[in-house]
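Shared chain: subunit A. Partners: subunit B in the first complex, subunit C in the second.
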Partner chain A sequence: MKSSVSTWSRWAWLAGLLAVPIIIVTFLISLTNDVSLIQRCTTALILMVMVIGLHVFSGNSGVVSFGSVAFAMIAAFTSALITIPAEKKPSLFPDMPNFLNWLWSFTVPVPLGILISVAFTAVIALLVGIPLVRLSGLAAGIGTLAFLVVVQVIVTKWKAVTRGESTMVGVPKETTLWWALGAVVLVIAIAALYQVTRRGRRLIATREDDKAAMSIGISIPIERLWGWVASCSIAGLGGALYGHYIATFSAQTFSIALTFFIIAMLVIGGLGSLTGAVVGVIVVQVLAELLRTVETQGIGPVPQIDAPGLTEMVLALILLLVLIARPAGITGGREITSWVRRRKGNVAQGAT
Partner chain B sequence: MDSVSPLDVLSTTKVCVYFEGVKAVDEVDLEVPRGRITGLIGPNGAGKSTLFNAVSGFVPLTAGTVHCGAQDISGWSPTRIAQLGLVRTFQETRIFKRLTILENVELGSMGSGLSGVKARKAAGDALELLGVSHLSDELAANVALGDERRAGIARAVATEPDFLLLDEPAAGLDDDETAALSGTIVAIRDALGCGVLLVEHDMSVIFAICEEIHVMDSGRTIAVGSPEQIRTNPSVIEAYFGREHS
Partner chain C sequence: MNPQYIVDAIGTGALYSLMTLGLALVFSVMGLMNFAYGQLVMIGGFSIILLRSQPWWLLILGTILVVVFFSLLMERLAFRPVRNATAMTMLVTSFALAQFLQQLARVAFGANPKPLEQFSELSVQYEFAGLIVSRQIILTLVTTILVLIGLALLLRKTNIGIQLRASTEDVGMAALVGIKSNRVIAAAFVISGTIAAIVAILFFATRTNVSWSSGDSIVLIAFVGAVIGGLGSMVGAALGGFLMGFVYTMLNALLPMELRVFADAFLYTLVIMVLLIRPGGLIAAKGVRV
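Up next, the complex of A and B:
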């Protein structure tokens, strides 16, 4: 039998080809000492964590979720609550309900806070996922959107714990460019591993043909639930990092607008491939930065165009054009390894 | 092979499937012993596909029971039925087009719960058995229909089923491919020792390899017997051959 490339080498190729260029570019950006550029790069990396998180479920299962930002929000608030210095808590949360008073007594270091918040997010994802993964298509979209709205309302109204519409303040600002880069490399490694090994491949099978998947003993709810919990946990990691990056935030930070922004990046890059998730974030972020620069000062021969909202409008136009001209996104839903394979013969075989 | 224990039989007992009053399958008793190839034939609309879907869990039973060995599997989900060892193929192949042939077949062995090395070996064996191992690294979307069909069967074979249900495996194949397929089905049965239920329009395949043939018409069983008995059965000729060859 013609031997196929082993699972490990497929994983290494996919993760490596995606992560190495990101590491190099981030390193180069850090050398510029341009504070604003480094900030924008950090934000882009954090967004990439969230988009990869969405890809793990939606990309591999073909079921669109509008709920991933809800998990980012849950993790950001959870990590904030346990990392804000204990001495600040009484003044920040004077009405903390009795059953949560234990939160006052301790503070954990930010890395541990992020870990705990990701674990908490995973538990919530498991509970919510059990009914949600049974939905498909439009019903799944509405179900996950409803969950986002529910979390939004709870976070906005539960003032005693979340400070409601006033922003969360006093959150340790510790996320750096390197933390964000580390998180991106980690989630690329996890997402690539997931989709070249049996769990992820079973989920991909349910996306490709649900009846055929069932006919060989693949359980659609179980595979979707694994993907969902992994996906929401990664979104949680992105949310917690974001919280510790901007340090002041509210429910409005994790809005439906952010949800659509993340989905747009995944769709523009190409729904169905990890490469698409990475490419989508880079393309959209670079475009958004260029447009913002045009809005504020102009670039080279392009004069400043003083039109607030230009960025959003042009981005929306690009999304429309991509959807019309290339519905499968820039990558066509294929992995970077499939291009390498085509060029170099059988050097690397891509996970689909 | 003469005496088969009831524990080694896939059987339906008075299975009925009604769609809004239409009796697609009406009180059908069917037995598929392990280690044997059973044909299921009948004119278009006879209810073969519906019975096939009902046995594999894709269509709910209106009445009756399906047993896989001693286990009553009536009302089970397709996934659970497949995990028990009753695996079907599809007429339209339903191959995972964006995956390679090897990945398709490995999903069969992984879906059935085999662990890493065993799953890979079962997939390799299935590809060899179906003669498509040279296409392992091809995307399923790029292979010819005959190869796609063989890969679809390999995917089911890789699950190492106790009972294999083949839905029109020769559809769209030319004469040479069909003849080769007949030999392959026998080889699968010999290799796995499984029971095969074969729905097929091509009578050359049915009469060449089936040890028993079950004939349906208008949702009901009209004859059961060996190929010789079926070939000469007047009601079969009337219902099936009479209509098709008139």
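Up next, the complex of A and C:
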């Protein structure tokens, strides 16, 4: 069938044009053997997983969600609880409630732990999503924000299981640059597939015109629920990878500030396109790292400036200026394929 | 149940309803959820520290002027350029602005909280029928009522107030009949800034320090209060904010000891339930752009 061929080629173009440059740059960075550069690149790739996760729901549905970090947090703690070596658990969790004592008896390898935690996150996302996807606009924003606060309070205060403010320690530190790269390529492939195939196109239709979408038989709650569960699972993957990367974390790691940082990257890149999600992370992370370098050691003629908060302040100022100059984000919400096709004279085929 | 809790809950509720009003007013005029609103209260806190040795009327006036100045400045420099962008872009703009102001305060005043000399005259307590009521609570209640009456009079009796209400109903239509959007929106930011300054005075009157992160919890409460109360409705906002404060204080008082640390989780679960039952808020305004 002709249409399925064009769907596959659109998928391959979109995923390929985004993933290949990232793979090349990551290889080049790995060749430098610069430990700090490789660390920064790994962090950026993990954040990219989370931002793409948010894009899958918010970008395609147009509905704000502040909840993605909550799912990253759930996955990070779940994976930690099942991958921490069994012999360490009694001393780390002396007050573990009886109904969770079975957690003590086993340890799973980290890749399996990440897989299980993503599956667990998907189940929670489904349960929470069934009521939450009925909300739109700011009510959806507040509903998901309230969910984030609830998860944060529980994780902070349920000390017996999460160690509360004394942070999770002893988590196997296994996430490498290659794991992060693999995850990014995987979620780019999934997100691209979702938005070029029927399931995702239906969700995009509800974003563009909810009444027209309903009139041709699209159920808004059902389409949103699909996008939501996919989005939260990807956020969970990012969270679990992050947990196994920093190895020591608490509920404070997955804060409202991180939530906004992720949303800001998505909006600065251009809300509504996968390309925007990728570009937003790269632009913001490169800027943030440049500023951080100035703060710690200076770059070229720029002397080192030692003032806590200055990096964040200048970063916020730059983000503000980008938003004022380009309210629709750097990509304007268009996909990379729409530029490539335009050059071929085939206008706006792949644009969403 | 000890009725003393109710007195404290009403005091907190009144303060929260003021916080919510300032945020909701700007939202109803331009559809902007101003996340930088909490930073206005934080700026108010620092100006209180700087003006602490001045006579009380100068302290109040000075704080209001400083906060209103920043409020107008953020409207002119940050929000006017994105006024016609999507709600999401405006929200993220206000977040970036909030980050900027917060880090600016951190650079200017240092990372450690600045101690604030207590207002001992406000902690004087009175006893009515076995209930202990501090001057601070009385002051908060009286101020809240005065602000509500003042706001109602302003919105109903003055020219700018009527224009404001017209813009709340329909910005485009109001502009067509000759109402200058720039003036009306600036007016909303002046009122919102004044309320933020009053909130700062009442809020920091009971605190021992001001820090660059002081505004965060405030804006969260105001944000949630405005949405569950009913977007675009001033009465709804006041009610939503009041309920946030009232229910939170009561939860802290009534929950069993071992669950008390989870008070916030209970509060925000209630918020989700309210939204599911009434997505438009408790008192939903007509024709609000959500």
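In this text, the second predicted complex is superposed on the first by the 342 of 352 C-alpha atoms of A that agree within 3 Å, B and C clash if a C-alpha of one lies under 4 Å from a C-alpha of the other, contacts with A are read in each partner's own complex, and residues count from 1 in each chain.
In this text, contacts are C-beta pairs under 8 Å (C-beta built on N, C-alpha and C of every residue); 3 or more make two chains touch, one makes a residue touch a chain.
Source: prediction; values computed, not measured.
With subunit A as the common reference, subunit B sits beside subunit C without any clash.
In the superposition on chain A, no contact is made by A:V286 with either subunit B or subunit C.
By the document's definition of touching, of the two partners only subunit B reaches A:A205; subunit C does not. In the superposition on chain A, A:V267 makes contact with subunit C only, not with subunit B.
Shared-chain residue A:G137: touches subunit C; no touch with subunit B.
Between subunit B and subunit C, an angle of 80 degrees opens at the CA centre of subunit A in the superposed model, to the nearest 10. Between subunit B and subunit C, the partner in contact with more residues of subunit A is C. Shared-chain residue A:I324: touches subunit C; no touch with subunit B. Within the superposed three-chain model, A:E312 lies in touch with subunit C and out of touch with subunit B [touch as defined at top]. In the superposition on chain A, A:A213 makes contact with subunit B only, not with subunit C.
After superposing both complexes on chain A, the closest C-alpha pair between subunit B and subunit C lies 14 Å apart. By the touch rule above, subunit C contacts subunit A in their complex via residues 33, 78, 81-82, 84-89, 91-93, 95-97, 99-100, 103-104, 106-107, 111, 212, 216, 220, 223-224, 227-228, 231, 261-262, 264-265, 268-269, 271-272, 275-276, 279-281, 290. If you check the complex, the residues on subunit A that touch subunit B are 1-2, 4, 198, 201-202, 204-205, 208-209, 211-220, 272, 333, 346, 349, 352.
Contact residues of subunit B toward subunit A in the complex are 56, 58, 77-79, 82-83, 87-90, 94-100, 102-103, 106-108, 110-113, 116, 119, 124, 127-128, 133-134, 136-137, 155-156, 159. Those residues of subunit A that touch subunit C in the complex are listed here as 58, 64, 131-132, 134-139, 141-143, 145-147, 149-150, 153-154, 157, 256, 260, 263-264, 267-268, 271, 307-310, 312-313, 315-317, 319-320, 323-324, 327-329.
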